[in-house]
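The structures come next, written out as C-alpha cells.
Two complexes, one shared chain (chain A), two partners (chain B, chain C).
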Partner chain A sequence: MSGTVHSRGSIRRRLMVQLLLGAAVLAIALFFIVQSLARQLAEESQDHILAAAASAILDAASVRQGELQLDLPYSAFSMLGNLSNDRVFYAIHFDDTFVTGYDDLPLALESNNFGPRFVTRLFRSEEVRIITAERRLASAGKPVTVEVALAQTRDGQRDQLNWISQTAATLGAGFFVSVAVLAFLAARSSISPLLRLTESVGRRGPQDLRPVAAPVPSEMAPLVAALNRFMDRLKTSLSRSEEFIADAAHRVRTPLATVRTQAEITYRRVEKEENRTSIREMIRAIDESSRAAGQMLDHAMVTLRTDHLEQAVVDLNTLSAEMVDRLRPMAELRDIDLVLNVLNKVATVGDAILIQGALRNILDNAIKYSSTDSTITLSVSQNAGWAQLKTNDQGIGFPENGVEALKNRYARGANVEGVVGSGLGLTIADEVARAHGGSLNIANNTEGPGACVTLSFPLC
Partner chain B sequence: MRHLILSLVLILYPFTSGAFEIEEQVLFGPENSARMIRVISTGDVRVFEPMITGFLAENTDVAVDYTVVSSSELMKAISQEEASFDVAISSAMDLQTKLANDGFTAPYSSQATEALPEWARWRQDLFAFTQEPATIVLSKEAFAGLPLPQTRQDLISILRQHPDKFRGKIGTYDLRQSGLGYLFATQDSRTSEVYWRLTEVMGALDAQLYCCSSDMINDVSTGKLAVAYNVLGNYALSRADTDRFIVLLPSDFTTVMMRTVLIPRNAQNKELAEPFVDYLLQVAWNNAGQPSKQLYNSIMTLAQKEDSLRRIRLGPGLLIFLDTYKKRSFLTAWENAILQE
Partner chain C sequence: MRFLLIEDNVSLARATVDRLSLDGHVIDHAVCLADADSYIATADYDLILLDIMLPDGDGRSFLKRHRDALGSTPVIATTARSEVSDRVGILDLGADDYITKPFDFSELEARCRAVLRRRGGGASNIKILGDVRFDSLSGTLRVGDNTLHLRNRELRLFEIFAAAPEQIFSKSKLLDRLFPYDEEASENAIEVYVGRLRRHLQGSRAEIITVRGLGYRLSIE
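And now, the complex of A and B:
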C-alpha cells in the first residue's frame, strides 16, 4: 500500500533560499560599503594632497614693496603628479586680482576665512577637484590676501575606484559563493537526520513495528515519539486481530473434528451408494475447512510468535523425521511414496513449532499437487553455510511466470484450479524462514517434472 | 627613396598662415594625395627623413607634410591658433607637457605606447622617443696639457685656476632666448646647487651666450670657444669634425632631455596620425627599453651612465618653470650670475 503524500515546499529548499537571499543582500551591502569607503578615502587623499600643495604655494608667497613675490615650489606640482597622471591647473590672485596661472580657473566663491574650500566641477570639459586657499599678508601697513586655486583632474582617483570596485565585486562574489556552499552543506546536514529516519523506517520489513531507538535531534523527538506510539498501537491491534483469528480458527477446528468423526461413523453405517458419495463429499469438505482453519491458525501463530522469536536449538533431522512420519499416512492414501533423505546432521536456532508449520505446509503442497503413484523426497543437508530442507515432488510444478508472487498472502497459482487451497501455505513458510534469518526458495526441478521447494536456515 | 621627396621648399612666409612662423616645409610622398598627415615639428628635416620615408614605404598612398617651427611657435600654433596638425613633435618637454595638461591633445593608446617605460610617457597624451643628454663640449686644443674635468666641480676648479685662458671663451645658452637652454638650466638648478656656482664662475669669466647648440659647437670647433656648457650631445657627435672637441657627460649628473610626440586635439586625420606615431615609436624603441640610435644618430651609450642620468620627468612639475613669476625670478637670478657687469 503506497498512499499518495501531499508535499508542499521543501525544508532544504526553503533553508537554501533564505540563506542565499541573506548572503546576496550581505554581499551587495559589502560591495557598496567597500566602494563608498574607498571613494571617501580616495577623495580625502586627493584633498589632502591638494591642501598640502596649496599651502606649499602660499608659503612661498611674500610681499615686497607692495609687489607679490612668488617662488612657486617645484614640489607643489610634482607631488600632484607623483601618485597619478592627473592634469593640474592653478590660479593665483593677489588682492582680488588675477596674477598668474590659468585665468579661467574660478576661485571658490564664499570665503570662510579659515581653512581651504573644496569643490568638484567641470573645468575645460573635464571634472576637476578644486581647492581654494588663502593667506593674509601685510603690505605698507594694510592687509592683503593671496588666494590660490589649485585643481586636479580625477583620472587617478577614477582608476583607483575602478580597481577597488572590481576588488569589492570579486570579494562580494566570493563571499556569496562561499556562503552558498555553506548554505548547501548546512541544509543538507540539517535535513540528514530526517533522511536517516526515513531510510531506517523504509528499510523495515512489513512486520517490523519496533520503536525507533536510534537517537534523533531534539526537534524531531516529538515526531519520533508520536511515530513510536503509533506503531505500538498498530502492533497491539495487529496482534489482537491475529489472536482473534487464531481463536476463531481454533474454535472452528474442534467442532469440525467432531463432525468429521460423526460423518465417518455415519459413512460406515450407510449402505446406499448415493448416500455414501454425498457423505464422502461431506468429509472432504470438512477436511478442507479444517485445513484452512489450520493454516489460518498457523499464519496467525507465525505473526504472533515471530515477534518474540524463541531462541532454542532445533534439531532439523529429528524434526523432519517426525514430520515425514506424521504425513506419511496422508501420502499413502494417494499412493505417494514420501522419502526422507538425510545427507547431514543439521540444526538451527529458533522456534521448532514454527519450523514444523513451515515444513508441514510445504510437504502438504507437494502431496496435494502430485499425481498418485509418485515419489516425494525431503532432503536434509548442509549447503554453503545453510541448513537446507529440500522437498522434490513429481507433480504439476509451478507455473512459468510469477513464482515469487505465490509467496504473497492468498496468492494461488493459475495451474491449480481443480485443487482446493487457501493460498496461505507458501506465505507461512516464507515468513517463518525470514523470521529465522533464512529464506524460502521455490522453483521447478531441473530434471523431470515437479516442484522443488527449499527452506534454508542459518546453521548453529 | 629619393623619388618620394617630391618637393623641398624652403619658404618663410609669416604672413600667409597666421602668426606662427614657419622655418621650413617639406612634402613627402605623392602629390595631391587625399590622405595627408600634417606634421609640425621642431626637428630638422634631415633627422626625420629616413623615418618618414620608411613610413611612406609601408603606406604608399599617404603623403606627409612636414613643417619645421621653433618650439615656442609650435606651442603657439597648437594652443593659440589651433592650427590643424595631425602630429606634433617637439624637444620642448615643458611646452609639450603644458599642451597635454591644458587639454590640447587627443589621448591615444596602442601596443606601441603601452610598451614605453613609465618615464617615457605622460598620460595617454605624450610619448618620448629620444634621450638626449646635455653635455659639456671641450675644445681639444684649449685643454691640451690640462686634466680633463669629469664633473662640474672639476670644471669650476679648472676655470678658476686658469681665468685668463678661459676668459671670453666659455659658451652657454642664453636662457632668455632658448627654451631648451632654460629647460636644462632649471633642471640643473633643481638637481644641484653646483649649477649656480658654475654659472657665477662662467659669468665672472665673461661667458658668451648662444641661441643654439650648433652655433656653440661651431665656435668650439673653430677655437673661438674652449668650453660649451649644456650642449646637445647628439648634435655634437653627429658632426664630421668630432676630432676637434671632446663631448663630456658630466659624471656628477647628466640632464637628459627627451623629444616627445603628441596628437593635437584638433587633428583632422587621427586615423593616419595614430599609425604614424606607432611607427615613430617602433623605430625609436626598436631594442627593448632603450631608444634606438637611428634617430639623432646617438653613438653615446647611455646605459653605461645610468647612475648619473637625470631624465627630465614628464608631468605637471614642468609647468612650474613656465609660470611667469617663477620664470621671471629664475631669469633674474640667472642674469645676476651670468651678466656680472
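And now, the complex of A and C:
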C-alpha cells in the first residue's frame, strides 16, 4: 500500500540557499562600502592636509622689489609628517618660472578658478597626490603669480586602506557566518511543525482516522484541513462498506433461513421417497447458496480489513482454544474429536477477527472433509521463528496435483464431490496469513491419510 | 425443553417454532425486546434464542439488561450478519454461543447441548429406564455399576428412543434426526449405530428391538 512519493526540491534547502545568497550579497556589499568610504575618507584627509600645507607655504610668500621672498614654513612639513612617514616633494614657481624644489614635479593643469587643484599620478615611479595652489601678489603695481606644487606619496594611506580592507573583510565574513547560523536555525524552526505533523500522522495505527487536533501554523492549516476532510471521507466510506457487507449478509440470509426451515419441516412430513429426495436436494442447494453468500461477504470483509490492518497483540493460544470450543459441537455431530494441542505459548500482531476467520475456515474444512469417528488435531507451536497453527485431520486429504491452486478463489479440489463448499475458505485463510506477513501451507499428512494445513504468523 | 425465541422476522419465527415443536420442544415467540421482557418476567426457560438485530433495539442491550435475571439460563444469539464482522462481541456481552442464520437445526441442537452441558443442568436430564440410568446432558449411560460415555450420534439416537419407549421409529425418520442434510447417509448407517447401542445395553433390562418392515423400538422388561 505504501506508494512512492515523488519529491522535488526541499523547502529547508531552498530557504537556506536563499538566505545564504542574500547574506553573501550583503556581506560583499558591506565590504565594498566600508572600503570605499575609508578610501574616500583617507583621500579627503590627505587632500585637506596638502591644501593646508600648500596654503601655509603660499601665506609665507611675499614679493619684494620684484623678487620672491619665501621661507618654507616648518609647520607645513610637520603637518604632512603628522600623517605618516610618506615622502614629500615640492616645487615653487614664480611667474611661471621654476624657483626651488623638484623641477620635474609637474604643475597641475591650468584652471580658471583660484582654488587648489588635485591630481594623482606617478612621480619618480611612485604614486603621489599632487596639489597645485597659487597666490597672486602685486609687484610694482602689476600682478605676479606664485605657484606651489606639493606632492606626497601614498604609502601610509595604502597601509591604512589595507588594514581597513582587512577589517571590512573580517566584518563581512563574520556577518555572513552569523547570518548562516541564523538561517540554519530559522529553516529548522520553520520546518519543524511540518515534521511534527508528519510524525504524528505516521505514528497512527491504521484504524486511527481521527482528525489532526494539534495546533499547526496558519500556513499549514489548509493542508491539515484537507487531510482531515480526506480522513473523514475515508472513515465514512470504510464504515459504509462494512455496514453494507453486514447488511447484505443479513438481507440474503434471513429469507434463506425461512426457506430452509420450511423445507426441513416439509421434509419431516412427507413420506414419499422421491419427494423426500427432492426436498433434500432443495435443502442442500439452500445451504450451498447461503454458504456461498456468507463466504463471499466474509471474503469482502477480509479484503476490507486487510487493507487497513489492525495492529494489536493477538494471543493465539486463547484464540485457538475459543475457536476449538466453538466448533466442537459441530465436530461432535459427526463424532469427530477436535483436540487442541498446545506446545508453546505464542502471540502475533494483527487483527484477531481476521485470524479467527482464517482458523475457522480451516477447521470448518477439516470437519467437513473428515470421516466420522476420526480425530482433528489443532497444534499451536513456535517453529523456526513463526507462530504456527497446524491442523491435522484424518479425512480425504488434498488431491495429488494442483494443491497450491486451491488457494485461488472458487477453486475446489477434484475429490470433494458431494460436500457443500464455496471454494473461498482457503482463499480467505491465505489472504489473512499473507496480510499478516505469514503464510498458509497446505499438504497431506506424511504419515497416514488426511490433510495438514498450517497457518504461520510472525511471532511478536 | 422450553425455549424463548426472540425474532422479529415473523415468517422465519413461525417456521422455527414449527420446526422446534417437531422435536417436542415448547416455544414462546417474542417479536421485540419489549415483548421478550414480559415473557422473561413470567416464565422460566431452558434456553433463549436471541436475534441480535431487533426493531426496538440491539439484542446485546437485552443481554446486558437481563444477565442477572436470567441466572443460569443459556442464551444463544442468532445473527444473519457476516461472521467476520460480528466478532466475539456477542459472547463478551453474555451470550453463551452464537449461530449464523440460516442454521441447521442439528447444529442448533448441538450448540444447545454444549451450552447446557457447560451450565451444569439439573435433574431433568436424567431418565431411568428400568435398570438403566441415562444422563442426556453428560451423555452417560449407567448399567448396574458400569458407566459409559456415549458418542454424539449414539447419544442422539438413544435420546430419541428414550423419549418414547415402546414407540416404533422408522429407519428413515431416525436418519433425518441423526444426519445433517448435506451428508449422504444410508439406512445401513442407522443399523451400525443401533448395533452399538445394543452392545452398550447388554446385560440390562432395556433392549432395542427390530420391528420387521417398520423400524426399531426401545423395550424395557
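The rule we apply is simple: the second predicted complex is superposed on the first by the 242 of 460 C-alpha atoms of A that agree within 3 Å, B and C clash if a C-alpha of one lies under 4 Å from a C-alpha of the other, contacts with A are read in each partner's own complex, and residues count from 1 in each chain.
Convention: contacts are C-beta pairs under 8 Å (C-beta built on N, C-alpha and C of every residue); 3 or more make two chains touch, one makes a residue touch a chain.
Everything numeric in this text was worked out from a predicted model, so none of it was measured.
Touch criterion met: A:297 reaches chain C, while chain B stays clear of it. In the superposition on chain A, contact of A:12 is made with neither chain B nor chain C. In the superposition on chain A, no contact is made by A:129 with either chain B or chain C.
By the touch criterion stated above, A:71 is placed in contact with chain B alone, chain C being left untouched. A simple residue count on chain A separates chain B from chain C, and the partner touching more is C. Residue contacts after overlaying the shared chain place A:257 against chain C, while chain B stays out of touching range.
Using the contact criterion defined above for the overlaid structures, shared-chain residue A:249 touches chain C, although it does not reach chain B.
With both structures placed on the common chain, the touch criterion links A:287 to chain C but leaves chain B unconnected.
By the touch criterion stated above, A:85 is placed in contact with chain B alone, chain C being left untouched. The residues of chain C lying in touch with chain A in their complex are 9, 11-12, 15-16, 18-19, 22, 53, 80-88, 97, 100-107, 110-111, 113-114, 151-153, 172, 176, 180-184.
Those residues of chain A lying in contact with chain B across their complex are 68-74, 76-78, 80-82, 85-89, 92, 99-102, 124-126, 155. Residues of chain A touching chain C in their complex: 242, 245-247, 249-254, 256-262, 264-265, 267-268, 276, 280, 283-284, 286-287, 290, 294, 297-298, 301-302, 305, 322, 326, 328-330, 332-335, 353-354, 356-357, 360, 372-373, 418-420.
Those residues of chain B lying in contact with chain A across their complex are 100-103, 122-123, 190, 313, 315-317, 319-321, 323-326, 329.
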